[in-house]
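See the structures that follow.
Here chain A shows up in two complexes: once beside chain B, once beside chain C.
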Partner chain A sequence: MELLAFARGPALTFSLAIFVLGVVWRLVGVLALPPWHDYSPPREGAPPNWLAAIRAVFRKMIPHKTFLKDGMFTTINGYVFHFGLAIVVFLFVPHIVLIQSLFGVSWPGLPNGVITGVGGLTAASLLGALAYRLTSPVLKLISRPNDYISWLLTFLPVATGLAATAHVGLRYETMLALHILSVCAFLIWFPFGKLMHAFLFVLSRGATGIRFGHRGAQL
Partner chain B sequence: MKPDDTLAGEMQRRGVSRRAFLKYGSYIASLMALPPSAVEALAEGLAAARRQSVIWLSFQECTGCTESLTRSYSPTLENLIFDFISLDYHETLMAVSGEAAEEARRAAMAANKGKYIVVVDGSVPMKDGGVYATIGGKTNHQILEDTVKDAFAVVAVGTCAAFGGLPKANPNPTGAVAISTLVAGKPMINISGCPPIPEAMTGALAYILSFGKLPELDHLSRPKAFFGETIHDRCYRRPYYERGEFANAFDDAGARQGHCLFKVGCKGPVTYNSCATTKWNGGVSFPIQSGHGCLGCSEPEFWDQGGFYRPLSTPLGAMGPALAGAALAGAALGVGAALSARSHQKHYLASLDKEKEKE
Partner chain C sequence: MTAKTTASGAAYDVQGDRADTERRDAAMQAFVRDFARTAAIHMESCLRCGMCANACHFYVTTGDPKYTPINKLRPFEQAYHRHIGPFAPIYRLFGLKSNVSIEMLQEWESLIYDGCTLCGRCTLACPMGIDISELIKEARHGMYKAGLVPDRLELMDRTAKAWGSPASPSEDFADIIRDAGEEHGVPMNIDLPKADYVVTVAPAELTEHTKALSDVAKILNKIGASWTYSTEGFEASNIGYINGDLPLQEKMTRKIIDNAIRIGAHTLILPECGHAYGAARWEAARWYGKKLPLRIIHMTEFLAELVTSGRIKLKKMGETTCFHDPCQLVRRGGVTEAPRAVLKGLGLDLTEFEDHGELAWCCGGGGGVVSNVRADPLRFKAFSIKRKQVEDAKTQHFVTACGQCRITLTLGAKHDKWDQKVESLLELVADHLED
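On to the complex of A and B.
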């Protein structure tokens, strides 16, 4: 139980503190940047900035038809593991209990069988994403350690969580401790690696939408 | 019963048939999850067993382990004492006291040198020379060393003896340690629990008597027969856990309907013991059946796991101050980074203006 106590105690406290510090640091740093001014007059019929930003956030959720066919796998697979992760993280009751202990809010969860099924699908989808990255010549060329580390630190909590639930490998309490420690590693890496896109994608898409909208370009 | 008598002989004298004895062997064997082929061997071993000398030492403890043993369902304490073992020294149960009691211990040790079993409940204080618990002017550590040196095996009964238990809980003012840290080179079993299940104590002793060796143990030296699975894995409320049906409080609808107690702090998922199968008080019930979550009392450091009612998936300590501090520090760093960027931009624009002026 000592490893589990370490994971639930100092490791979780430290990693959550780093996560909060890093996320707030980066978000405040971006949001408090000097405002962007385009001194050119907006194109006729250009939407207001806020509308252009919101449109861009949602419209970019589906690739442009030009790229739809070639990007079919990455699009569908991306949705599978993103939704899978969201379901596993936010609808597994022990996770909800953790969130409730931190923020005081809770909601109903799903039965464990559903979570296990979704977790398995998510793990398979993540493995598919890695295989694609390793086999696609272009993607392989532009991949950096940041991409692989981000993948690994996303995959490990899923894999250890599934192993703990299924009683595969080590004893349950050890597997649970490893699961929590893998989440700790994920939390520490999150603000400083590409995982931060979970927050920044809204800002970057919005900023792109404003610039494009100002010039009358359709997204 | 004379010391040289076998248990079978004694049973025969009391009118217990061989068939009844085999049935009893089957009970012990099933309790310890032994294969059917072991039933006869266990019964034969028990039948041929001679009276086993047991010296029971009580150190930093609450006597709850003895209380638990006296509620043993089968074999009963009377059986255990008069049929299986010769309890030559037990401060709570023996009639004599003072020097006479100590003399009984020394006599039993001399008469059964290398053969007696030492059962210990309670941890041993080591701080300040062990002065926090003494008996007859000797520290617990001295008594343990003196008694264990000629023992056949040592059985640490209860979580205090097995892992330090409550006396070792933070801040551990007496420097309490587990028996295993002080006993080297002797066969050793931990029967943890606060208190341990009586059948686990008597079952382990019966196994030693029958086979003359220790039962199969886990990595914490506990008999796998009793500590091989978690409470959660054998809990009758497990289906509720799987379905996501939980009690959110001890008096809500979920609690009344017998839903899983995970959310109110049950430590069953990480606690290895046979409470859910052997149960207590002759198989009547166990804590979860009575509506309270498992405390995890048979695991090391169970007292220092952040509170009995804190769910297993939550942090051990209060996170608020750490997270608030981190958020403030993050905001300060973010503002600093943005101000730096603004300053850089200002200088850049100023330099552009200067260049324009030059042109």
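On to the complex of A and C.
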């Protein structure tokens, strides 16, 4: 079997299966733990739990001004590569075609030139994040292998995707196969590492939102 | 009890003479037991972004990365993944997460007790909303079971078990109340069989701030309330809550709640103490497994109700003040507007610090740190933030609503040879009651 056919076929199917099973396993593993019942009366005027959770999810999207003084790079750079990834993943026409073939839904994409520019910016932003992690004394201390693996498996699809569309390096079909295989690696790793925050952020922020909302405290 | 130092130079105290593996296992069992859903979600969610570092007064004033809040959880993060997390069996099978060593727990003792005031400022900085200070509290449960607690905190623990209070034996309580009443000329109610309000106290009020005891009485007498102090349940500060000694936390909670119910009180008034509020207002009901049949209210909330409803009238001071927000009352308790309403009632013009309310900087002494003499040098460094805020405010008064904050700030000023008085909101109200 050709590498490209392998990547598009069994590799992608296998990695999607691991992704789905792993995500479900991790979410169930956490959510199956017993809740901590709070029998204390809520503060007068406290929002219902669902509203407190939703508010926290949105409130946490922008840091308090006081934390931006030292966290400006982390915040801005984080937004750059998150938006960049979302744009190249969901608005690149070949990706939309793939999604349509898998799930039957589609939407308009952006011109290839724009995607290449955004992809380049995303790659630069990711490199900036890595440089910061490798040089900040705080991040050096608290980083785990998980952080570096997650970074690499996010960077590789961007780098191989850029190389494939720019026809740089290996033959196009080979680069495309490597790009798809790098996405497979990303999907396989996703449930086990911190990439899972794409799901966990709702639960994590929401849980604290409920605790603080009950007390009438601000997040 | 023995004070020791790890290979890296970190101080730690040890209680008891159990073998190291036994301590480690006790810590892990205590940490794993009762691990609830929210704590697990938060243990899963860290992005290692480091945003919490600059929220911590100990990191900011020392520049030492070890004080990064999420780093203080490292042994328990390892334990979580090995014993509790969804992939724990895989981690154990492939040896991906080793068992936490006793050396690691010893190394982390000072970070968990000396280097964290449970102030929760890091929770507000975390983009994932991880409630780090709550997780540190969970970690303290494990550390207490391991017998790895600062000796001074353990001493308070034992004293509270023996006396019912870390400050004074129960049998002396009535005398302290009567003495405070006589000294300040205020009629006191003690051990009345029935009352609507039961008033509780904090250790500082039994030693340094005894005027607060008569100030509460003065206000309650003024409104004609049916109230009493009670020897059977007076101590609201909960050293079990701070140390991670859950049985003691339950015992001290039940003591004040059961007593108030027995007396038929509809309201339990907590003293000017932050952690008392956390332990009683938000956690008391957990020990009963149901909603409690009485209201638990902090002194500041009580004062605000009296002032805003017009039940007490205050003489206007017409001066300026700044206010230190106690973390457990404001950031983690949601009582932000009440102290400000009282200050307004006093006619004090409030100059807010740049970071105030839920974003306020901790005094540096919460979570038992002010009682843990080993942490004094660290605490004095953290004090520099608050000193600068107060100096920048240039006001005539500096007020707070927590006795422990007040002691921490007073000790900080004394250490700096800085002539700055720290005043109590309760005392100001009592001193300015209209006749």
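Note that in this section the second predicted complex is superposed on the first by the 209 of 219 C-alpha atoms of A that agree within 3 Å, B and C clash if a C-alpha of one lies under 4 Å from a C-alpha of the other, contacts with A are read in each partner's own complex, and residues count from 1 in each chain.
In this section, a residue touches a chain if its C-beta (ideal position, glycine included) is under 8 Å from a C-beta of that chain, and two chains touch if they have at least 3 such contacts.
The structure displayed is predicted, hence computed values, not measured ones.
Student: Since both structures carry chain A, what do chain B and chain C do when superposed there: clash or fit?
Tutor: Aligned on chain A, chain C fits beside chain B.
Student: Which partner chains sit in contact with A:16 here, chain B, chain C, both or neither? Use first/second/both/neither.
Tutor: Only chain B; A:16 stays clear of chain C.
Student: Could you say whether A:141 touches chain B, chain C, both of them, or neither, answering first, second, both or neither?
Tutor: A:141 sits against chain C, while chain B stays out of touch.
Student: Just chain B (first), just chain C (second), both, or neither: which does A:111 touch?
Tutor: first
Student: Between chain B and chain C, whom does A:37 touch in the aligned arrangement: first, second, both, or neither?
Tutor: The answer is second: A:37 touches chain C but not chain B.
Student: Touch check for A:207: first (chain B), second (chain C), both, or neither?
Tutor: Once the two structures are laid over each other on A, A:207 reaches chain C alone.
Student: Scan A:173 for contacts with chain B and chain C and give back first, second, both or neither.
Tutor: First partner only.
Student: I'd like to know which partner A:26 touches here: chain B for first, chain C for second, both or neither.
Tutor: Touch partners of A:26: chain B and chain C.
Student: For the overlay built on chain A, what is the smallest gap between any CA atom of chain B and any CA atom of chain C, in Å?
Tutor: 6
Student: Touching chain B in one complex and chain C in the other: list those residues of chain A.
Tutor: 25-26, 28-31, 33-34
Student: Given the complex with chain A, which residues does chain C contribute to the contact?
Tutor: 35-42, 44-51, 53-55, 59, 65-66, 68, 70-71, 84-87, 123-131, 134, 281-286, 288-292, 295, 330-336, 354-355, 357-359
Student: So in the complex, which bits of chain B are touching chain A?
Tutor: Against chain A, the touching part of chain B is residues 230, 233, 241-244, 246, 262-263, 269-270, 296, 299-302, 304-306, 310-317, 319, 322-323, 325-327, 329-331, 333-335, 337-339, 341-342, 345.
Student: Spell out the part of chain A that touches chain C in their complex, as residue ranges.
Tutor: Going through chain A, the ones touching chain C are 25-26, 28-31, 33-41, 43, 56, 60, 63-64, 66-67, 69-71, 74-75, 78, 133, 136-144, 146-147, 192, 194, 196-197, 200-201, 203-209, 211-212, 215-219.
Student: Flag every residue of chain A that touches chain B in the complex, lowest number first.
Tutor: On the chain A side, the touching residues are 1-2, 4-5, 8-9, 12-13, 16-34, 93-95, 97-98, 101-102, 108-113, 167, 172-173, 176.
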